[in-house]
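By written order: A, B, C and D. Residues from 1 in each chain.
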Amino acid sequence: MVKMTFQDALLDATTLEMARDDSVFVYGIGAPDHKNIFGTTTGLVEKFGENRCLETPLAEDSMTGFGLGAAMNGMRPIHVHIRMDFVLLAMNQIVNMLSCASYGSCGKLKAPMVIRAIIGRGWGQGYQHSKTLHSYFSHIPGLKVVLPTTPSDAKGLLTSAIRDDNPVIFIEHRWLYFAEEDVPEGDFSIPLGKGKVLREGNDLSIIATSWMNIEAMEAAKMLKEYHGVEVEIIDPRTIAPLDEEIILSSVRKTGHCIVADNDWSFSGFGAELSALVAEKAFDSLKKPVTRIGFEHTPCPTVRKLENAFYPNAKTIVRAVEEKLGLPKSDLSSQDLFSHERKFKGPF
Amino acid sequence: MSSLSLDLYKKLFLSRAAEECIMKYYHEDDMKTPMHMSMGQEFIPAAVCQALGERGQIFTSYRSHAPYLCRTDDVEGFFGEMYGKISGPMRGKGGSMHLSNPDLGHMCASAIVSSLIPVVVGAAWANKMKNTDKIAAVFFGDGAVDEGCFWESMNISALMQTPALFICEDNGLAVHTSKRQRQGYKNLPDIIRHFDVHVITSKSTDAEEIHGLVKEAMDVIDKTQKPVFMHLECYRYLEHVGVYEDFDAGYREKEESWYDSGALRVQRQRLLDQGMDEKDIVQLEQEIETRVENALMAAKAEKFPEDDELYEGVFYG
Amino acid sequence: MVKMTFQDALLDATTLEMARDDSVFVYGIGAPDHKNIFGTTTGLVEKFGENRCLETPLAEDSMTGFGLGAAMNGMRPIHVHIRMDFVLLAMNQIVNMLSCASYGSCGKLKAPMVIRAIIGRGWGQGYQHSKTLHSYFSHIPGLKVVLPTTPSDAKGLLTSAIRDDNPVIFIEHRWLYFAEEDVPEGDFSIPLGKGKVLREGNDLSIIATSWMNIEAMEAAKMLKEYHGVEVEIIDPRTIAPLDEEIILSSVRKTGHCIVADNDWSFSGFGAELSALVAEKAFDSLKKPVTRIGFEHTPCPTVRKLENAFYPNAKTIVRAVEEKLGLPKSDLSSQDLFSHERKFKGPF
Amino acid sequence: MSSLSLDLYKKLFLSRAAEECIMKYYHEDDMKTPMHMSMGQEFIPAAVCQALGERGQIFTSYRSHAPYLCRTDDVEGFFGEMYGKISGPMRGKGGSMHLSNPDLGHMCASAIVSSLIPVVVGAAWANKMKNTDKIAAVFFGDGAVDEGCFWESMNISALMQTPALFICEDNGLAVHTSKRQRQGYKNLPDIIRHFDVHVITSKSTDAEEIHGLVKEAMDVIDKTQKPVFMHLECYRYLEHVGVYEDFDAGYREKEESWYDSGALRVQRQRLLDQGMDEKDIVQLEQEIETRVENALMAAKAEKFPEDDELYEGVFYG
């Protein structure tokens, strides 16, 4: 084990896989420049040469098709996007082409491609640099979708994503980049499609995605402190294929469920989680599922409104209090996470 | 008589015979798949596939009957797919618009206009990285070049020097819309010449002439790893999709000159000029026709896939 | 009232609005050609001239931006796509640009644009010509999303969509085109955001979108015939903004809910409907909500597998029987809808 | 001294002063918005906005400080937006990357590269249909031209003859990536000349010279309704985003010649040559600086929007 940040973990997984398999390569706008996609591609050019860590023209759509073609011919491309919003330019290649490359050849061709997309917030991103959109990908048969929360998961899941013979959309919240923990050294993978209990508890289940797990962990601390309530937190990690069982057994145990999805709620992945739980753990539910997500507006730039736009640990605490019929605790002394503690812009 | 001339004629005749067979049986409504016919344009895939031979990795649009047959010679699988039977290379899941048989060099087809152009850039780049002798080639129309991804792909391919073969089959139409209604420039090849791409153009319908140009393209690719853009004019005999003519719809005139210079006619005459006997040609033609008709009948008689095949191939392996 | 097919109703609405307001224009690949988008643009060039019914280059992305720019400068564009799948090329313009044009100018600019997209199935469309994707649009704040089922709704809702000062995604199932019913003549609009009870019943609520309403109506007949069961069918018609109340009051009345969405279920709009009902009509639900949707695979071409891919009236009957604990009726004599027999009514 | 020369200098100086003021206060971390500075490139927006005047409908990328200030002269709103205050034209919802003030002719900005290029094609077309005297103009960089939608837009605009003004500010870089690493061709304007578009190019940093070229463009638009593509070379003084230089990062050299020929210097000298007194210039400069500093201070002192404004403007009206 060695202490690593989330971004180090991503770089570690990438470096190891590139060393192990010379068909793996990384490309994307800015991949080999000196900023190195928040340090997640540092040293790749030096170690593996310019043909394995490539700069590209600004052409998200065609560069996705490029990856698909390379994958069909035996390569394992990792396409990096510094903002999820830019992936919208590539929806045709992802949804109409990549997702069905195997089906469209009756299983003869494969498309082992990883698309890394960074999501996140803060510091004036605004409505064109703040989208998550994981529901878009999870909706499409043939795509796998991963949203790691911890550095270990980042390493283990990225390794599996690279080794997978299918297209994997790998979604990273930029605030997680500074998280640090002990991560297994060397070869380490975590199977796609397995969720994780981030925190055990018997009183209520919180199913959270990506950054919302951090908020949920904060909320759990407050709930224990103020109410002695023990919430269980489930991080599905891979949302397609989804580990239904880990979610359902938690809810069957606690009888209560809050879904905290890192996205707009309406018609989003949070709806899938809420529907799943209500359909398949119906008899265990003592109260309806509560969904927490972004406010249903484009994301504003100014910090004050941005703070109103995003749900946080307090939002979760309030939802738990309401569901369990607890009095509202005084949270005024609680400091919410602010990325300035780690991070000073610009970008 | 040269074997090249004969091989080309076989390809041309096979494609034509297969499509004539589709026309004959389509009305029965058992081939439930939208037919975008190659008829009139076969000389391009025939020449390209003949020249590339085993080296060719073919990517096509929905208009892929001729490319499929010329590359794979798999008439039996072809009709299997048209009828949605398990004898099709995709066991019926693809139909006319999605022919794919990578084992035989026909990689895949896409019904989204222009969407395989960037894919072939990546495929070619992989070939370069892996040092294979394969040549990735993509067929697309004059409508596809309207799409941004065509231009992105020209740029990327020129920049990265990916040894791809881009074949623009310019039949002057996108569905019913002429180039004049879609293009704000005069001459596409003249534009592409500004990219670091080798450009070849032709208005000929002579398969053998086109074959020579493809050989030139292969030479460029082998010597320089440069991408090659071939702009080849042609004429669609039938409606955009379907098995009939639609000159009465009024969006274009029937241009007899294209029929006069039709590739099959030209190539057949060449064989005669080269001394092949008329009756040998006829016999060859009959053999092909019989093979085609038998393949169609066999496909009719084949089984449909079982319902549980629905989930096969969603994920690889 | 005059008998009209669905496509006539669309043409009628378009023609009337173009006559009423000369900033309205229609454009898209094939819009003015002799096939006239299944007859929904017939005569527009002749009546209003070439500048109001435009052919375009194949460039879905930029032509969407084109519409946005024209809308900002006072026009009311209607952009037509003969297949929803092609709209994937325009996701950037729709999601990153069109949806937030008003927000992005602090409410000063408007983007009154209608995007008509045809969905559907049958006859070898395959996996690249069969997508629905309404959940994609309903997920994004700032977009309105309409899926009419009946000819009257087609006319009334398209009229409202054209008059709306916001972007509206208007989704038409091609099998509906042949439906025929009495439609109000002349000026006729139906407000966006209002659902409709297609059939009244007390035993179970079916919330269906687009074509699935037709299957639900067929199922309702069978259920009445075989079991004397009266199902209620709710067509939300506009899914964003969604008429929650009409859905919830139906479920509160019947205590049972089946969601039949014309799309893949996982992470789709069906999930939103199921989640909504379970969250807000929790106490009324006697059983968990059942979701019906496409099989979670790309759509195969051959008719036999296509039939296995799409749910139909029988699927709904079986789901109702299971939910209500009824024996399986013998449906072998029931003929399923096939579009070769063009569809007339029931509306 | 000509009023044109003076007006241009005012615009140049205003943009520069505003950005210098940003540099001065940015470290306080109260302007929480990513700054893509115009510094070094101001002569282009100054010339364009001066020439277009009230006729101009400006569309920009995230790099829009200079276009915004040159078009609107709204320094107060500008700083309001930088600080996210209700005095900003978007009441803080937009920030540096999304300046929009349609009432003053700055239509909107987009942080998605190239995405306003097609929008301006439509805006120009509407102007043509409605017979207004407005001219829709879009600013974009040499990175934007990599994107397919740039090429689609050139084609559409040429085809439909939409009287749009396309202004490519070619600073040679997309973030840290040079054109050489992104473009598989030598000369963009030479390619665009093949489209039915009027092309104007310049390497000059002289705002007055560019102003003349924009007047030429307007003439073409007024006489022929033809779109005009202006390719203008320039130099970014600072890092891609942020308020510092980053020549130490190694991706490019500091090129002194661009500073020597800097537009402010050139234009100031012109005023002197035209007989304007040094001290009048200094006074003018001081007035502008004071105005800028006051605007910044006023913005600091302004209110943030109320939380319930979050939902305002999601739908129009």
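As a working rule, a contact is a pair of C-beta atoms (placed from the backbone, for glycine too) under 8 Å apart; a residue touches a chain by one contact, two chains touch by 3 or more.
Bear in mind that the values here come from a model prediction, so they are computed numbers and not experimental data.
The interface holding more C-beta pairs in contact, when C-D is weighed against B-C, is C-D. Centre-to-centre spacing of chain C and chain D amounts to 42 Å, using the average Cα coordinate of each chain.
Centres computed as Cα averages put chain B at a distance of 36 Å from chain C.
Between chain B and chain D the centroid-to-centroid distance comes to 47 Å (mean Cα coordinates, whole Å).
Per-chain CA centroids place chain A at a distance of 31 Å from chain C. Shared contact sites, meaning residues of chain D that touch two or more other chains, fall at 93-94, 98, 110, 112, 146-149, 152, 155-156, 159, 181-183, 314.
Residue positions 56-57, 59, 61-62, 85, 89, 92, 96, 103-104, 127-128, 141-142, 296-298 of chain C each touch two or more of the other chains. Chain-to-chain contact here is organised exhaustively, every possible pair of chains being in touch. Chain A contributes residues 51, 56-57, 59, 61-75, 77, 92-93, 96-97, 101-112, 141-142, 165-166 to its touches with chain B in the complex. For chain A in complex with chain C, the touching residues are 61, 85, 88-89, 91-92, 95-96, 99-100, 103-104, 127-128, 131, 135-136, 138-142, 239-240, 242, 264, 266-272, 274-276, 278-280, 282, 285, 287-291, 296-298.
Contact residues on chain D toward chain A in their complex (touch as defined above): 29, 32-35, 84-85, 92-98, 110-114, 143-144, 146-148, 174-177, 181-183, 241-243, 249-251, 304-305, 307, 309-311, 314.
Within the complex, the chain D residues that touch chain B are 146-152, 154-160, 181-187, 190-191, 194-197.
Remark: chain B residues 57, 89-91, 93-94, 98, 100-103, 107-108, 110, 112, 115-127, 129-130, 132, 134, 136, 148-149, 152-153, 155-156, 159, 312-317 touch chain A in the complex.
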